[in-house]
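Next, two complexes with chain A in common: one pairs it with chain B, the other with chain C.
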Partner chain A sequence: MYELMEKAEIFNVHKMVVSAPDIARSLKPGQFVIVMGDEYSERIPLTVSDWDADTGAITLYVLELGISTLELGRMNVGDSLYAVTGPLGIPSEIKHYGTVALGGGCYGIGGIYPIARACKQAGNTVISIIEARYSSMFYHEKELHAVSDQVLHATSDGSRGKRGKVEDVITEMLENGVKIDQAFFMGCTQMLERCSEATRPYAIPTKVALNSIMLDGTGMCGACRVSIGGETKFACVDGPEFDGHKVDWKELNQRKSAYAEQEAIVYQAYCQGSEVPKFGSA
Partner chain B sequence: MELTAKERMKIGRHGMAEQPPDLRNRNFQEVPYGYTPEEAVAEAQRCLSCKEMPCVSGCPVEVPIPEFIALVAERKFAEAAKLIKTKNVLPAVCGRVCPQETQCEEKCVRGKKDARQAVAIGNLERFVADYERQNNLIEVPQIPDRNGFKVAVIGSGPSGLTVAGDLVQLGYEVTIYEAFHLGGGVLVYGIPEFRLPKKIVEAEIQALGHSGVTIRYNSVIGRLYSIDDLFTILGFNAVYVGVGAGLPIFLDIPGKNLNGVFSANEYLTRSNLMKSYLFPGYKTPMIAGKKVAVLGGGNVAMDSARTAIRLGAEKVTVVYRRAREQMPARAAEVHHAEEEKIEFRLLSSPVEIYGNEDGWVTGMKCQRYELGEPDESGRQRPVPVEGSFFEFECDQVLMSIGGQANPLITKTTPDMKVNKWGYIEVDDWGRTSKRYVYAGGDIVTGSATVISAMGAGRRAAKALHEDLAKENAETVTPNWW
Partner chain C sequence: MEELVEKKDYAMEEMTINGKVVSFSPGETILEVARRSGIYIPTLCARADLASTGSCRLCIVKVEGVRGYVTSCTTPATPHMVVTTTSPEIETLRRGILELILSEHPSACLVCPIRETCEQFNAPSSKVGRVTGCNMCPNRNICELRQLVEYLGLKEIRYPFLYKDFPLERDDPFMDRDYNLCILCGRCIRICEENLGLSAISFIRRGHDTKVGTSFEELHVDGSCVFCMHCVDVCPTGALSVRGSKWYGYPDSETPTTCILCERGCELVIDTKWNKVMGAHPVRDMSIGKREYCVKGRCCLPALFNSADRLKYPAIRPDSGTIIHTEWDRAIEHVSDIVSHYDPREIAVLSSSHLTDESIYVLHEFARVYAESNIFYFKDAEIVFPSIEKSDDIFKDIKLLYVAEANSLTDETLGQFGSLEAIIIQDNYSSPMSSSPKVCAILPSTVFTEMNGTKTCADNRRKPVTKAAEPPGIAIPDWEITTRIGKALGSPDFRVKDFRTIQNHIQMHPWTIASVPMVQKDSLTYRGFSISELVPDFKVFVERRLEVKGEVHF
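What follows is the complex of A and B.
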């Protein structure tokens, strides 16, 4: 079960194609899975970037962020993941909007692909905007081109496309009078917030895929709770997509940093091969 | 040598030896050590084997209590375990977590004058089940010929395991779908190691596997497959829904989303299922609070408080709105918590959680309550005392104030009726409004006990078998017990 069929490295992102036939059969755009590399691993929520019901393969882009994603990244083709649970979350709402702008950064470059594909199939004009620090960090581009009317780039060093971020591209488009009927954004929280602020003055309906800390993914624990327009919602079962203009970003950022200290301790200890203090050892 | 009733009456109840509080509050090992064979025999001799068997009427799954206790008195421990298993597939679990004091033991005649002198039925059940397991005497039951019908059981908690165990013995091909990577439901994610060692749950699940039940892990029904898919795509003939507790409730007060505020579900799932009490060996992190406030007065609140003290908290305070006598937690658990130096602020309820500028909990403001007129349930209603507040410092708040129904399955099964709270509506035998779909446990009743969920599973298995047998008389033998 869950054998790693294919793997590729894109800087700090690992492409992992995993065998999960049941999941591949039922996945829809915007949904995610929770994976565990081994039985000691954390449960890691990952957006699914592609799937094939015939081969039973699902494609994940794993951003290496902490100990569990580091260990996941060290797995090789032929290894098996301990657990893959999904599909989870409510699928993206796909319909004929008109012109759809999709912005992706980090894992979101791959993550927006199935939404773009479905939007294209639904007859929309699809503009995909992807950001990275420099040009060689882009990936999954051929696929994205195939389902987009236009693919625009933004890089921090200006090595490709616009120097800046997705929101700079969006802002420029809007200033130039490009009509956008629906926006989707996927990436780090800072990017989601900035992009939502860019579309707010133009009142463009904006969906953001939130990535709050999750544990079970079935609504049972509430770790992933977020405030949307003053209401508490669970990203795992009420989301992951929410109205970007209603998200309490400050709270989300605070809650996402909750385990920063523990993560740093265990990551450093792992890299140095040293012991870390255990609970209860006062 | 046969004892007379008078001689039996003279024997006092045997308690179980326990880890001392100041040792156990720093480890996750089980608190009671269990009976020695001698203690078990002596306790069994206290049973008067009354003809009326009031104890059995107090048991939701009708374990033949006097009969198994008589076997213990004869030192036939493995036989006693086998006898229990004809009615209860999880005796090692139930011996530990059942509220015997309000069920079988409450009805025991030995406890008529003094409830503390009831025969220790739970302790004996635990003893024989442990004896059987530890001496490798668990026999794989003979699997009967398959009757050609496939049943899907959703959830591997107490009710799902009961349904699976009953139906596989009747010849059904049973597949359990479990959302997590481990089986057992609340037995693994909710109840801590120090109350129910996980190796016991593992052994029970393994035994079920040996008896022919298939378990599909990481399978969230309602997302991976709908209930209709289970019938149409996977060809199941019937489905049992035992998905358990639902979404946690967060007290709607300022500060509820601060860092350091957890639902008890999250806190316990991290510690128990993900084993973050063994962090960093297991990599799911846990924040070990120094001053921890636990909201609520049920067993889950006690489990949370006692987990916090074991993770190194200096001070753990349980805040409960009503009085001590009204706490839903088992008296024994409250007693254990007190021994472990957990403090109780009764007749108090938080009105605000304070936080610092980085978004972390720093303290709590509570209002004092007093008991007023009895409400319709007969319990005195707690009423806030006007203007009476107090504050205390804490860096972690664990909310254990109940939950609401999980909508994952019900939302994707519109033709299955739910009540106004979202719990599944069933008849007395667990039949839902959808044909060949049955349900039981917390998704029907809301938060309840392990044994009541098992009782519901037992009834649903019976109904399912009767329904299929009635309509398929030529293939299914209605050989129900």
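What follows is the complex of A and C.
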């Protein structure tokens, strides 16, 4: 069950193609799954980047960011994940907007792909903007090109496309009078916040996929709660997509670092590749 | 003595650096003279405690009458030399050199305008495996590359970035290595060779593939590496990191203290964050001769002291019921009640060599007043009596044991106690012994990073132990527990205000501490517990060492 069919690493981002036929049949763009590497693993919410209902394969891009994802990264083709739950979350709202701009960084480069594909199918003009530190860190590009009218790059060192970040590309486009009817962003909180600020002056409807700390993914625990326009929402069942102009970013950043202490202490007693307790107590 | 006289014979010579006349003794390099005179010259590979190789080229200076520029770290000072360490031309050259170095080091963040906010909010990024920028780097707060970028005002790197794409090396215990960050300064190799005489690592491969590694690229644990982590201490980048100490960011405080895991008593700086021990390292500005760190003190302390097995709250067994947690006052009352039921001849104290001097002294006082000096230790699983008048003959009459090292008590040892009725445990960790029905109280005590005091070490010096972290739960120092019990029993000898009062007593009775057996440097235990059980990486280290070399030394 949930066998790993394909695996590759692109600078900390692990591409994992997992066999999950039931999930692949019912996935919609913007939804996510919760994965457990083994029976002691954390539950890790992951955006699904691609799926094939015929072969039953789902593609995940996993950013290595802690012990649970480190262990996912150490798995090999043929290994099985302990559990994959999904699809979870509300699918992206796909309709004919006109021109849609999608911004992705980090795991979001793979994450925006299904939304781009659906937007394209709905007859939109799709502009995909992806960012990375160096040109060699881009991935999933061929697929993204196939569903986008235009793919723009931003790199921190200027080695490809514009030097800077997604928001710099967006700002430049808007200043040059490009009309954007809807924007989707996926990536780290920093990037989401900056991109939302870039579209705010132009009042462009902006959806951001939030990645708050999540536990059960079904609205029971409330760990993933975020403040949207002063209202408490659960990223798992009310999201993960929210209006980027209404998110309380400060609170989100604080909540995301709530367990920094426990995370650091776990690594003190962690031993790579050997049988040790997975969790230390704080 | 001869050496001193010889040195004196040399007159101090004079030279000029940046228009300032400075004196030097023959043999000193320009860099050494400049540093001593308070003149800054940027370097990446040179260190005061290492022989210079001139590999980074950043320390170039202009010497009047010499064509081109010379590296100040390898050029000896000569009389009447006129040196200029900085000029627009030199700075331009240095920037060019730094740009070349950075073209092979993930450096986009170094010149990124939003770096500061990114690092502030993206702190958890340091948990990634592969570092591709500063916000992910465990070393970012003490990175010398970054300091240089700021010093030279580098705003742009003109060369395309080459990622070397070396695999991450994370299979060794205690150490994560990412040679994609390495700038090949060779400090790690030099410190291993010059100061430790080990040469566990060297430059391997050639040309663009050059990297630091072991012979045949075997794991460090299989080679001659002793995991002293001096290579990590001198690395100017984040290529090398101590695994347990890389995810917490920047410490809230750094506290110098003494490691008392063995008799050597090395000076150690404890990094504290969230009131917990997050790392331990030598004094940053270390000098030759102080390098004696072993893997136990350097790498094991965070995992050892933040262990989930630490005792947090006092527990007592009232009237043969089940063990319950309680507060200190009630626990002390309960314990003193039990002690008062027995005759001093029926009580024995098991002390621990891992305690601070104050705690040991108070335990001896307790034994003297309430247990007819029936006090013993475990040294390498052997029972040792500090007093020559005592031997295991006393065990047959013992009914109550007050132990500070519960895990050392084996069934075999307990078998020697013919009529044992009750055990009082005072320890750091819960042990299998805690579940024995004879245990009537479990008192949680602090480890040495959570208390103040002193420790007498093998060189007969009493060294300071300083509190760096908060204890788990409501644990208190061993000496405090013992004095509170002693006081509750009514003896005036235990009216101490703080650990300093006890130090005065120790000075008056120095033989008490002198009679205590010391912890051997090759010891694999801490207070009766196997360090391997508490620190998984240590287990890997010890097992591999035994397998490959048949022995473990520190």
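Keep this in mind: the second predicted complex is superposed on the first by the 268 of 282 C-alpha atoms of A that agree within 3 Å, B and C clash if a C-alpha of one lies under 4 Å from a C-alpha of the other, contacts with A are read in each partner's own complex, and residues count from 1 in each chain.
Basically, a contact is a pair of C-beta atoms (placed from the backbone, for glycine too) under 8 Å apart; a residue touches a chain by one contact, two chains touch by 3 or more.
As the structure is a computational prediction, the values presented were derived from the model and not from experiment.
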*Of the two partner chains, chain B (first) and chain C (second), which one does A:Q190 touch, if any: first, second, both, or neither?*
second
_Once chain A of both complexes is superposed, is A:R255 in touch with chain B (first), chain C (second), both, or neither?_
first
*For A:S156, decide between first (touching chain B), second (touching chain C), both and neither.*
second
*asked:* Contact-wise, after the overlay, does A:G229 reach chain B, chain C, both or neither (first, second, both, neither)?
replied: neither
*Mind working out whether A:S26 is in touch with chain B, chain C, both or neither, as first, second, both or neither?*
first
_Which of chain B and chain C A:T85 touches, first, second, both or neither_ = first
*Partner chain(s) touched by A:G123 [first = chain B, second = chain C, both, neither]*: neither
*asked:* Between chain B and chain C, whom does A:G98 touch in the aligned arrangement: first, second, both, or neither?
replied: neither
*On chain A, what residues does chain B touch that chain C touches as well?*
257, 263, 265, 269, 276, 280-281
*Spell out the residues on chain B that touch chain A in their complex, using ranges where they run on.*
26-27, 179-181, 189, 217-220, 223-225, 245-248, 250, 256-260, 262-263, 265-266, 269-270, 274, 277-288, 310-312, 358-359, 406-408
*Name, in rising order, each residue of chain A that touches chain B in their complex.*
22-23, 26, 31, 36, 39-43, 67-68, 82-88, 215-223, 225, 227, 232, 234, 237, 250-251, 254-255, 257-259, 262-263, 265-266, 269, 276, 278-282
_chain A partner contacts - residues on chain C that touch it in the complex_ = 106-109, 111-112, 114, 117-118, 121-125, 127-130, 132-133, 157, 160-161, 163, 170-171, 173, 243-249, 273-274, 276, 278, 302-303, 306-308, 534-537, 539-540
*Tell me, which parts of chain A touch chain C in their complex?*
11-12, 63-66, 70, 73, 133-134, 136-137, 155-157, 159, 165, 188-190, 194, 253, 256-257, 260-261, 263-265, 267-274, 276-277, 280-281
